[in-house]
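Should a chain be cited, it is by its letter among A, B and C, assigned in written order, with residues numbered from 1 in that chain.
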Amino acid sequence: MPTFYERRQLVTPGDLVAEGNYIAGENTFKENEKLYATRVGLVEYEERRVSVVALKAFYIPTIGDTIIGKVTDVTMGGWILDINAPYLALLRASDVMERSYRPQRDELSSIFDVGDLVIAKIVSYDRTRDPLLTVREPGLGKITRGQILEITPTKIPRIIGRKGSMIGVIKRETGCHILLGQNGLVLISGKNLEDEQLAVMAIRKIENESHTSGLTDRVTDMLKKEKEKEGETKNA
Amino acid sequence: MSMIIRVKQKQIAQLMAKGKRLDGRELNDYREIKVEMGVIEKAEGSARVLLGKTEVLVGVKIEVGKPFSDTPNEGVLTVNAELVPLASPTFEPGPPNENAIELARVVDRGIRESKAINLEKLCLEPGKKVLVVFIDVYVLNHDGNLIDASAVAALAALLNTKMFKYDVEEGEIKVKPGYTPLPVQSYPIAVTFAKINDKLAIDPWLEEEQVMDSRLTITIEKDGKICAIQKGGTGYFTTGQILEAAKIAKEKASEIRKLVVKG
Amino acid sequence: MPKIEEKLIDKDGIRIGGRKFNELRPTKIQVGVLNNANGSAYIEQGKNKILAAVYGPHEVHPKHLALPDRSRLRCRYHMAPFSVDERKSPAPSRREVELSKVIRESLEPSIFLEYYPRTSIDLFIEVLQANGGTRCAGITVAALALADAGIPMRDLTVACAAGKVEGQLVLDLNDTEDKKGEADVPLAYMPNLNAITLLQMDGQLTLEEFEKAINLSLEGCKQLYNMQKEALKAKYVVLKEEVKE
């Protein structure tokens, strides 16, 4: 049962990755015993499962995901949010208000208004309807401070790193609080602008070099160097 | 798009896999074709074609006009198609949509590339005045395969066309008494196949069109050469299927041509 | 206008511009050239300069155009007014409408539209300079814009035209060869499925010539297909090299 690419080799849509009794994983499809890539990405093998880690893809809502969305409309029954996906998401008024009275539109916009950023969780989603959100759990709700970064959603795992190693380095070196939305939006809030910028730089670097190895070390080095530079400018 | 009943869809596809069609035809059979010429007296030429229940009327009008700047010695040929709303619940009033435009351009291509009309013979005053041949395709009932029906009707209308005798005297166009037939020198015939369940079926009727993944039209001129091809629809063909279709089209075109061109 | 009696193919079979019968025009492809579009790509093929951009998948507007079980691919092929010798009006011509349709139909089979019901994928092909074979170059670059947008596809669709000029079958006709030649056969292809998704022809060819033209075009397609893959990988390969240093 042949495979035609090595682990972490770059493939493009239509590349024949494997032939035979393999299981088609993410970003692949199987036809007549032949397994092809459907997106540009790096090949991964896990026993009989062949998948491609996409270097560029958009977010598809998944139930249980924590995401960051932007309110684009306030309606009679709640809010509509752009969650950086092919579908707009809904947050019902009933999710935020305990009582079952009919809220006025003004009341709703005083809770979340157009342009607000919200951390929410996806509660339901299927092919026939737009995704439904909730902000009921702790840690969810309106974002009031910090910076927002938009990266390709498929790179979120790389930013987390194995057992959180990568994100741990960034948090430690910059002292920032970092929240990763599964939809590719990242919230960074630190003690000051310089620290936040440092974290942004690190994340951008990971995004651009996600397909290479030895990244954790390089990011650590970069952060240390930048902090030294900053220290020098401050002392100068 | 009018919805076809899913059960019927399956039926058509299943039968097709066995090389059979719902209306009893073989894969390579056309529906009954009726051609009537000269049905609109006010047009210079006209024809009405019935292909099964598909009905297309074509009128030819000839006017004096200006040539295009890059072909000063040639007359002008222009084909327009109207998917008239009464022909189908799916046709809406308004300017031609992409289907009407495609239909017109495929019919045009057959006539133009086969050089059915010798455009140089339509030149009255080089660079200034030429004859413009307007071919207007009017679909009156859509029951599938508008391309073949329209192409046959257009050819028949051209063969039916009688125009005034024009003369240029002292820079003015004068019309002489009497009529002369439009000089038609080739007889392009379009043959359309639908691909259903990997089989090629000629002259798809409406329900087959709703089920097919793609269609292939091959236009053959009088010497058996291919003069236009158009693949339509969202599916695909293999090279083998295309070459097979071309062979069959060549035979079928000769048969159909006999209905329009006498002798 | 003076009559130019120049032959298009000389006695050694070399075409104007120096190409042999089966040579493509010099081609350059770049992927990811626009930052607002979700995906984009640019091609130069001879004097052709064509830009393709993709927005989506996103919610369809107007809503009634949404398909319940799949995404709707919308395609606009358009030529800039300055792209041709005689200025072309910016309003869509009948030719552009037809080409928008056949180009859309040539790309649909490769996209997993059924993954994104009720959305639309909007594809824009802008011909900035035209010199023959723009629908094929447009398809070749559109497939890359779709891949760049992260839209999952069965294969990259690639396109190339073959035709007949002064009695000889040739590959990738430029504008002069198309206008003065005897036939032009644009073709789009998905190599893995051995599927021809666009096929048109105008001119006059015998059955045998037609078969040869298709085969010639498929050879051109295969070369362009490799260039497409290289162009997609180029962005990432460069970074890998930089990082190694």
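Convention: contacts are C-beta pairs under 8 Å (C-beta built on N, C-alpha and C of every residue); 3 or more make two chains touch, one makes a residue touch a chain.
If you're wondering where the values come from, they're calculated on a predicted model, not measured in any experiment.
Undergrad: Select the chain whose centre, defined as the mean of its C-alpha atoms, is least distant from the mean of all protein C-alpha atoms.
TA: So the chain nearest the centre of the shown protein is C.
Undergrad: By mean C-alpha position, what chain is farthest away from chain B?
TA: The chain farthest from chain B, judged by C-alpha centres, is A.
Undergrad: Need the CA-centroid distance for the pair chain B / chain C, whole Å please.
TA: It comes to 27 Å between the two C-alpha centres.
Undergrad: Cα centroid separation between chain A and chain C, in whole Å?
TA: Distance between chain centres: 34 Å.
Undergrad: Rounded to the nearest whole Å, what is the centre-to-centre distance of chain A and chain B, using the mean of the C-alpha atoms as each centre?
TA: 54
Undergrad: By residue number and range, which residues of chain C touch two or more other chains?
TA: Answer for chain C, listing residues that touch two or more other chains: 190.
Undergrad: Given the complex with chain C, which residues does chain B contribute to the contact?
TA: Touching chain C from chain B are residues 69, 96, 98, 101-102, 104-105, 109, 112-114, 214, 216, 221, 224-239, 242-243, 246-247, 250.
Undergrad: Provide the residue numbers of chain C that touch chain A in the complex, in ascending order.
TA: These residues of chain C touch chain A: 38-39, 56-59, 68-69, 71, 110, 112, 116-119, 147-150, 152-156, 190-192, 228-229, 232-233, 236-237, 239-240, 243.
Undergrad: Quick check on the complex: what are the chain C residues that touch chain B?
TA: 86, 94-95, 97-98, 100-102, 105, 108-109, 185, 190, 193-207, 210-211, 214-215, 218
Undergrad: Which residues of chain A touch chain C once you look at their complex with the stated criterion?
TA: Per the stated touch rule, the residues are 10, 12-16, 27, 29, 31, 34, 36, 38-40, 54-58, 86-88, 127-128, 152, 208-209, 211-212, 218.
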